[in-house]
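See the structures that follow.
There are two complexes below, and they share subunit A, which is joined by subunit B in the first and by subunit C in the second.
Entry: the complex of A and B
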């Protein structure tokens, strides 16, 4: 048997939940609320991670007042030592670097999301965007992987430390990072909740329900959709930065299509169009991730011939099929839109007659 | 001056000429019928006016401005709203939200303002009061909180009309407003149209197959056949027009 440290497990599951929540809230805004089928979630998450890979190797030494060393090639080891040292001894440089990373990642990813969707969503079939993003994500991944200098091609960048790495108390350090992830997820949740329950959210749902009619009711749809892709992509990239910091590693192998599918499972499972559902889906997948990891290790140690890691993919496929068959609206179906309008109408309604 | 004028409007679908050099005009405040057998080009003509189909040739003048070539959302902003033959409501949204969506220049519709309620809450409450007024007029206020999918066929038609009104249009294009509605309710829908004209001064161009009802309410009628305008006149003129009877009623 293996020993499971419950405290550490809880911290890591909650951290993962915060990171997944950012990704699922992003996709829920795009697909759940606005009906834009983003099959390139891995692309936007990876933009965050790649930006982190660049800033932690180039910007961080500058912020710490040191000379930067090329992170790839012969000086790889030296560069790694340099950034570990900075993260361990200069927390202020670490925090400033993280803040700038988040801002740059959000702006870059948002710009990509806006540009791609503004061009493709003018076409009648919004599923064209889905394909563009699916292919685009993989293309960007292969290009980054092939670039020797950006994040050292297939080697990736290791020791991308989380900002509380300087603390001697390892558990305290991971608790603080967990709180950071949860705080960012909470902000994203509150923001998207307000966005959903506003006239803008109403228009997006209108676009999702019937594009032609919504256009006929005076709404310029291309811009509205590009805007929600900007917002969603920015949130996904913030999740990507945290994802990289959490694993301590930036590697193109983490941002394959399966990541996109994971986020889709979260949204479909939790409830399409419901921000709370997105949180629930993220929580369930974070827990399942950890359960399958532990089960895989336990089975491996007991000499089982089954490679349990693959069972995860099978389980996700089954969840997706069962949900779509029996509960297409998800565990928490979409709530009716409520702005102040409903209270106003309620006051003006003499007695409800239904 | 007429509110709407079409000059030699033409629409080709590949080799098929769906609308062939149609010129017509709709006077301000009038209720004008547009009739013709299936496939005569009526719905296409409405699509051309509403901007949801692109014309091949011709000009559309609305309220003194040329609007040919504008997109559907721009046409709506100018003051032309349209109803659809099939119910086009947002079924997963409430009656009230259906009515609120088309309101023009909503501050909360901008993503940068939307999260901050104080920018738009006052306007939203005003819009809600206006929506409640319109819903009351179409006898749906008691259902403001129902999902549109829970309404009856007739109620859906009324809500669709109420929704169009929320964009404060000058001209309403209706495509078979009584399709799939019980006969007694169909008459009510036209009475509603007549009231709207009187109270809000809205002009109507209506495609309708139930001529016995239509003819009770219209000021004039255009008849289309195979993409062409066949006749124009008062309801009585059209009812007694030999050519029209031939193509339309087959006798």
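Entry: the complex of A and C
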């Protein structure tokens, strides 16, 4: 048997949970609340990761007051050493770089989300938006992989260090990174809770339920759809930055359609339209990810002929199908909307259901 | 660009275009009759390819038998996925996005079951090795019996399917369903039976496409998934409704991926790594500019010819 370091496992699962939560909250806002079928979640996550790949190789040395070295080609090793050294010795430059990365990623991804949703207004059928986003994500991936300079084509960028890399205590640095991920997820959760329960959030739900009626009530539905795509995409990109920092790599192979599906599984499992459900889904998938990883290693070591990593995907597919068939509302179904008017009415007419 | 390369790329265009047509017609049929943009379609192709590969490894090298087995396995996969997943979901009147998501899940499950099988028997990236014969040779162009199997079989199947849709009672019922499902039910068309036959045909054709694909290049669990966007591009060029449009679309996509890509590579130094971006660009361009696809153009050309 293999020994499992419980502390380290807990830290890694919680970090993963924070990152997944950002992605699932983003998709829940877009699809769960506003009904925009974002099958291009991987695209917006990848924008965050690619931005990190660029800033950690170009911006970071400048912030540390050094000359930046081209990260690809013959100077690859030198550039890698340079960024590791800066991250180990100049924490301030590292933090400023991280902050700028998060801001740039959120703005860029939000802008892309906004623009895509406006462009796709021209589409004849609604599900074409799903196809355009799916296809757009793959196109960006292929173009980034084809470009030699951006993140070194298929080689990717390695050693993108976590912001607390300068600490000698490895465990301490991963705990701090975990707290950072959880804090960002918490902010995103509180923000989306407020948004969902505001009048604006009710308008978005109206848009989801019936576009014509919402339009008839005088709401600008195209703008609303573009706005929610902006917000959702920005959150997804922040998740992408953390995802890249967590693995330490920026590689186009990580941002394929399966990532999009993973996020969909989280939202469908947790509860479509419920932010708490999105958190629950993210937590369950983070745990399942870790369990399957450990199981795969254990089975491989015991000489099992079946590759367990494949079983993970089969299991995800089956979970998704079972949920869609038997519990389409998810584990935590969307709660009833309550407004101040509801509560006042309830107080004034006790005993009656409103 | 040298002419020998041009000829080779055109031969590729015909071969791959015919396979795309075979797959894209299935997709168009599913979309019009079942009302489902089926992302699991690619996996029926891979399942057919693996069935063909496995019986060829078992010693059966007659291409006709290989194709028949691939048809059966593809059809079986499609019908099972319909009965277990899509039919119950349709009964619940779920939204189109739920169906799309379910088709992704079905695809994921089939793909990774094939991965598990391939891993267990260690059969990755093998070609279905029927004996090769050289039929025709001029300069650098060599046509083998593979070409004689792949392109004509697909073209014959495409013609047969078109005849079935246009000339038979089943085809008429399918067209009725495509036009208006409720009305078709009202006038007494056995909707469920027609749907079952549709899935059978769609899966079978995808399976055959997989076997033919495996004759010319390596079989891997990702082969269908890698082609699905090209196939979608072809179907969308056909407006997801017209058969002639879809067939034309398939050859347009294959031509862009082979001949035009090679031309861009030679003349402008565009890296061949960008090849997978071509169907994506086609899809986005068509959806934004001409969502009805080539259908109207074809209709207009037909009117001019009359």
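What we mean here is this: the second predicted complex is superposed on the first by the 342 of 354 C-alpha atoms of A that agree within 3 Å, B and C clash if a C-alpha of one lies under 4 Å from a C-alpha of the other, contacts with A are read in each partner's own complex, and residues count from 1 in each chain.
Throughout what follows, a contact is a pair of C-beta atoms (placed from the backbone, for glycine too) under 8 Å apart; a residue touches a chain by one contact, two chains touch by 3 or more.
Keep in mind the model is a prediction, meaning the values are calculated, not measured.
Chemist: Which partner does A:330 contact after superposing on A: first (subunit B), second (subunit C), both, neither?
Modeler: After superposition on chain A, A:330 lies in contact with neither partner.
Chemist: In the superposed arrangement, does A:142 touch subunit B (first), subunit C (second), both or neither?
Modeler: Only subunit C is touched by A:142; subunit B is not.
Chemist: If we overlay the two complexes on their shared chain A, which of subunit B and subunit C does A:316 touch? Say first, second, both or neither.
Modeler: A:316 contacts subunit C only, not subunit B.
Chemist: Could you say whether A:156 touches subunit B, subunit C, both of them, or neither, answering first, second, both or neither?
Modeler: neither
Chemist: Once the structures are superposed on A, label A:210 by its partner contacts, choosing first (subunit B), second (subunit C), both or neither.
Modeler: After superposition on chain A, A:210 lies in contact with subunit B alone.
Chemist: Is A:281 contacted by the first partner subunit B, the second partner subunit C, both or neither?
Modeler: It touches nothing on subunit B or subunit C.
Chemist: If we overlay the two complexes on their shared chain A, which of subunit B and subunit C does A:258 touch? Say first, second, both or neither.
Modeler: After superposition on chain A, A:258 lies in contact with subunit C alone.
Chemist: So, does A:240 touch the first partner subunit B, the second partner subunit C, both, or neither?
Modeler: Neither partner.
Chemist: Where on subunit A do the contacts with subunit B and the contacts with subunit C coincide?
Modeler: Shared contact residues on subunit A: none.
Chemist: Help me check something: in the complex, which residues belonging to subunit A touch subunit C?
Modeler: 31, 37, 39, 119, 122-128, 130-132, 135-136, 138-139, 142-143, 145-146, 153, 257-258, 261, 264, 268, 305-307, 310-311, 313-314, 316-318, 320-321, 324-325, 328
Chemist: Going by the contact rule at the top, pick out the subunit C residues touching subunit A in the complex.
Modeler: Against subunit A, the touching part of subunit C is residues 37, 85, 88-89, 92, 94, 96-98, 100-102, 104-109, 111-113, 115-116, 119-120, 229, 232, 271, 273-274, 276-277, 280-281, 283-284, 287-288, 291-292.
Chemist: Given the complex with subunit A, which residues does subunit B contribute to the contact?
Modeler: Of all residues in subunit B, those touching subunit A are 50, 52, 71-73, 76-77, 81-82, 84, 88, 90-94, 96-97, 100-102, 104, 106-111, 113-117, 120-121, 124-125, 127-129, 131-132, 135, 141-147, 163, 167.
Chemist: Contact residues on subunit A for subunit B in the complex?
Modeler: 191, 194-195, 198-203, 205-206, 209-210, 212-221, 224, 227-228, 231, 334, 336-337, 339-342, 344-346, 348-349, 351-354
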